[in-house]
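Just below sit the structures, each encoded as structure tokens.
Two complexes, one shared chain (chain A), two partners (chain B, chain C).
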Partner chain A sequence: MHNPLTILRRRLRGRDARTDGGATEDGESFLSRESVRSAPFWLPPALLIGVFVYGAIGWNVLLSLTDFTGLGTPDYGSLDFENYVVAFQGGTPSWSELTVDPIWNSLQNTVVLVVGFAAVCLVLGLLLAILVDQEIRFENTFRTIYLLPMSLSFVVTAKFWLYMYNPQTGLINIALGAFGFGPVEIVQNPDLKLAAIAFALVWQFSGYAMVVYLAGLRAIPDSHFEAARVDGASTVKMYWRVIIPQLRTATVSALVVLTVFALKAFDFLFSMYGYQPGPSADILATRMVREAYSNGNWAYGSAIAVVLFLMALAIVSPYIYSQYKRGAL
Partner chain B sequence: MSFGTSTDEETETGTGYPLRRVVLYITLVAMGAFYLIPIETGVMTSLTSPGSYTGQFPYLPPLEPLLSGTGEFSLQPWQTAVDLLGQGLVNSVILVVPATILSGLLGSMAAYGLTTVSWRGQIAIYITFVAGIFIPYQAVLVPLTQFWYNVVPLRTAFQPVAYWVPFIQNYHWKLVALIVTHTAYGLPICTLLFRAHYKKLSDEMIEAARLDGASIYRIYRRIILPLSVPMFAVVFIYQFTQIWNDLLFALTIVQFGDASVVTQELVGLGVSQSGTNFPLRMAGALVAALPTLLVYVLFGEKFAKGVAA
Partner chain C sequence: MTDRKGVSRRRVLQGAGVAAVAGLAGCGGGSGDSGANSIELLHAWSDGDGNAAIEALIGGFQEAHPDVEFAEEPVNGAARSNLDQVVQNRLQSSNPPSTFQTWPGQTLNKFGDAYDDIEGDVWNDDLKNNYLEGPQAQAQLDGTYVTVPLNIHRINNLFYNRNVLDSAGVDPSSMSSPGDVVSACEQVAQNTDAVPFAQQTSGTWSTTQLWETILLSTGGIDGYEAFINGNGNRSDVKAALDSVVALSEHYPSDASSIGLTEANTMVMDGEAAFIHQGDWAAGAYSNADGFNYGEQWGQVTYPGTSGSYLLNMDSFPFLANNPSPEATKTFLSYCGTAEAQVLFNAEKGSIPPRSDADVSQLNQFQQDQYEDFNNADSQPPSVEHGLAVSPGIKTNISSAFSGFLENYDADATADALLNAFN
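Let's turn to the complex of A and B:
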């Protein structure tokens, strides 16, 4: 009777119980609330995500404040922002005898890669979607082929494109040779590396942009196309003025997903270059893994990961918020 | 939406094949070639015997006596690739099957608890789920490695299991760690896919079942699960592809060794002191890609549905 939980439960539902004047509804008591009764379904997954995703992110932030290196265990006694100072200014941190480069270079490469890759993907995807939307025959076959590379692993794509780019036996150089251009070193060429990576990624993911745009195009009512036709607009003008502005939602969602793919391009770079893509192709993702897993600078790697995480957050959180406002979640 | 087939053009040429349609199809086929050529080149090269490989015509079928310079036909690269990747393929299967089923099942349950059963505050929990889709995995790697190697005594706890259960080896504990990790990180997208599906189900049916006194469990098992079968296909295909193709988690949680999965084994395949063995390397890439390629070719529509969500 004097169990604190019972009292709390009574307090929680007290008001309803009194105004009701009679027996309280079962739905109002704590144990029979929908949130609690459905807990066996959502709570285990929520705990798994809570621990492995959010717990790990928090732990990573904590680790980034330590001096954790090598084989030891992290010392959480002395926390400071040294790793972030080193990340943005360079210098010799207390946990190392060597000078550590700042991350500006890989940060810049990351931005260039993400922007270049996403822009080309969107343009190509949109053009393909418009072509596929012309009531063509074998539409399914074309769509299947365009999306095919997306089912491949980054590792497999890297192997194919290492081969395509090879100076002696690669198809690109064979084609260039046919036009009289000498063999070009692509994969190890500092000027071309990043473009070569972006191109291979466009090959893999532009089909995805096409699928998203195609769904967007199909959602536009036929009357919009017809109205533009009646007004005498040319095809190009019609798409530019009438259709493309209506594809904003499709563009934004494709852009967010492509950006996330590009931020995950680590697998691709690792398969091509191992831990050392070189300064002209180093992105934050490869830098982070190299610092932590190759150099043993765990805490510094964690700090770079926090920077990467904040970048992703800056892109994704406005998107999720707008989706929430639109009621699309 | 048919502009290319507009009749004025057809009468213009009079043949029924207006120029515009021809250009359209040529462009579509050329783009198809763009997507297929790297794979086609890989297939042709993988069927060339390494001894006779010249690299002059990597895109042509190896028909040496007929087409000089193309190399001789041989299945040896595929055999070698399967031999070298065998252990990795087995490990990948051990990883992918439970991780796919677990993440799909838990995703369906989470979506049910957060959608069909409605209560205040569920959207907040759901948003934390969805945000998980977009997290760059680098942000959790060091903690995950610490967790599996230094916090959870999974390795020691696994030893008796490996001792008593046939076919289970000591190193399989790393795959267990990877299965749990992939399940946790696959859950957000699985929940999103199932939730989109469950939102479309009719409320009346569930309400009727509830008025009949069906419990939450009963509604899930008797109504929701049977209606989820098509979505399970989409989710399983998507998760299978994602987990099979992953390198980063395997690299940092399993690391190189007995438990390496196929993507890890593929990274170093075909490279030696004497140079690159391209036929072997292409055969290896195709062997590693074959399961996902097959799934894609057989269930392409469902895969497209998964990625478009």
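Let's turn to the complex of A and C:
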């Protein structure tokens, strides 16, 4: 029995001994290559992830090219891009007797939700982080209070915000009333719906942005603050010119997590409105579930899922690439 | 040390392996044992009156057929759509249950090919002679009998709190059209502090069933049937929507933040005068102390829809490739008896679909509904509750109402509703 670890260690040691001998890899057999010898470590997880994550994604892409609806098995014999044409142009697809609306409306809502939510969340998170970073009393308590909402599930927060937005008894309307504004219909108001959802999500996730920023702030040496002060910078100027530019990594990593959360805000909307959030709050995720599970249009649902996946990829990949360029990966 | 460790680790692995094999064997053995004859029934009635009803039904069945085993597997914590997903997955993997809880009618299209004909075996002359035409039509998919409806909830009800109506000076029996309901609401608003018309609007379903009820009045039974067949008359559809818009002026101001339970509680507490709901609303009343039928609350057929009994039903279909064909047919035949339906409906608060049931064991409200049912000229199927239109069309109709709830634009919604069939 060869312990893979021992093999690896012996192999590394062997290499050390040969450093000045001019030995090349040519003479080594395939089996003794480092990548092969370390296979017991990377191969099983790579296979598992390959099958269960990338395999599933690939299968979903394949499914989106079929005409699969209802029961039975998908026909992989005839693949085409009809579902994508329908998704962007509408019309009556060959697999349906009913016309299918294009996804523009839910796509637009998704983008608005993601951008609005992420931007507000980051700004709020940064402000909170700067405040908490002032070495205030009960810092840990505040940090925990701000972070707590994130530990709640979307189902809980959705029901909770349904109460908060209640025109008669909800806290939001009571607060508005204190400033002399009449009770406002929020939950089914087409002008406020999406903003109200974004607001609730901001409440839930700004604590996360705060923690990420706080870690970033703590990593900046005190000397930077002191140098800016000595040079006569005001507090605002100090943060704007010296500190915030150094929080780029924190911003990007928080942004990635937040946008991906917003793309997946399905549970929140479902708990609030059921299958039908209405035209002004319908996002791709709710549309996808409706097509797949209410109508049994599996292939079309898969096509929407692929669009959603590409959007997530478009957000994540620049981040991964920049990490890679800086050698952080 | 290392050796000993190695051994023990190996032992652990061996132990785990043995356990896993034993577990697998156990699984196989388990399903083998209960195999041929036991009925696997999937349902989502995991609590409340639904759970009491299914337990009463199964209890009655086991008394009548002690030889048939039951492997009841409720889908817990499930709404109906989740149950459908479970069944869908089972059907995809060619492992269907014996039967499951589903709406009959057009909803059957969802798993169309998965059902099998039970005419003769279950749907014998006794059932055919004793189910009225409307419910009997809903048991068929394209003319083939595939399912057994076991209860009926009525949709076209208007429930009211008698004290509130008395102090507003409204006589519920005098109303004869949807317009009269709106006038009565105005009278309630003027004369009392109560909310005239309790309603929830965070989900679309309550509004859809209110609209379909009013369509039964504005279009009559012919206009209603024309709509569900895709040939709706725009003016009927829009008139019904206009009536909903007028009623929406009298909703609670927080209608969008509440659910059915809260809306219904407003009626029970005297904070609201009317509520339009299926007769499951009455289930909550019968559980409340000091809130009695005929005294504190009453019900009228939604004004303008008398003569119609708008149906919402649950049923147990027969799936092809059935794991227990004979036992399932025995069970479905039992569900088709008047005795079984009385047992089930006494708990569920609905009425038996058979017209020959002895309903003396049901409460007074159910008996009155049952009398209405047997005297009804027509028993049209509900749109919202999946009987009247196939799932794709129903999704389109719900989408139309999700827009309606945002802007109450009757014109745009009428167009969207008529387009739902294209």
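Definition applied: the second predicted complex is superposed on the first by the 282 of 329 C-alpha atoms of A that agree within 3 Å, B and C clash if a C-alpha of one lies under 4 Å from a C-alpha of the other, contacts with A are read in each partner's own complex, and residues count from 1 in each chain.
Criterion: a contact is a pair of C-beta atoms (placed from the backbone, for glycine too) under 8 Å apart; a residue touches a chain by one contact, two chains touch by 3 or more.
All values reported here derive from a predicted model rather than from experimental measurement.
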Is A:169 contacted by the first partner chain B, the second partner chain C, both or neither? both
Which partner does A:222 contact after superposing on A: first (chain B), second (chain C), both, neither? first
Based on the superposed arrangement, let me know which partner A:296 touches: chain B (first), chain C (second), both, or neither? second
What is the contact status of A:120 with respect to chain B (first) and chain C (second): first, second, both, or neither? neither
Looking at the overlay, does A:324 come into contact with chain B only (first), chain C only (second), both, or neither? first
So in the superposed three-chain picture, is A:273 touching just chain B, just chain C, both, or none of them (first/second/both/neither)? second
When both partners are placed on the shared chain, which of chain B and chain C touches more of chain A: B
Could you say whether A:156 touches chain B, chain C, both of them, or neither, answering first, second, both or neither? first
Touching A:285 in the superposition: chain B (first), chain C (second), both, neither? first
Have a look at where A:71 lands relative to chain B and chain C in the superposition and call it first, second, both or neither. second
Output the chain A positions appearing in both contact lists, the one against chain B and the one against chain C. 73, 163, 166, 168-170, 274, 293
With touch defined as at the start, can you tell me which chain C residues reach chain A in the complex? 81, 84-85, 88, 91-92, 110-114, 201-205, 252-254, 256-258, 391-396, 398-399, 401-403, 405-407, 419, 421-422
In their shared complex, at which residues does chain A touch chain C? 70-73, 96-99, 162-163, 165-170, 183, 185-190, 193, 272-280, 282, 290, 293-297
Partner chain B, residues of chain A touching it in the complex: 33-35, 37-46, 48-57, 59-60, 63, 73-74, 128, 131-136, 140, 142-156, 159-161, 163-164, 166, 168-171, 174, 203, 207-208, 211-212, 215, 217, 222, 225, 229, 235, 256, 260, 263-264, 266-267, 270-271, 274, 284-285, 288-289, 292-293, 298, 301-302, 304-306, 308-309, 312, 315-317, 320, 324, 329
Which residues of chain B touch chain A once you look at their complex with the stated criterion? 1-5, 24-25, 27-28, 31-32, 34-39, 41-42, 45, 55-59, 106-107, 109-110, 112-114, 117-123, 125-144, 146-147, 150, 180-181, 183-185, 187-188, 191, 216-217, 220, 241, 244-248, 251-252, 263, 266-267, 278, 281-282, 284-286, 288-289, 292-293, 295-297, 300-301, 303-304, 307-308
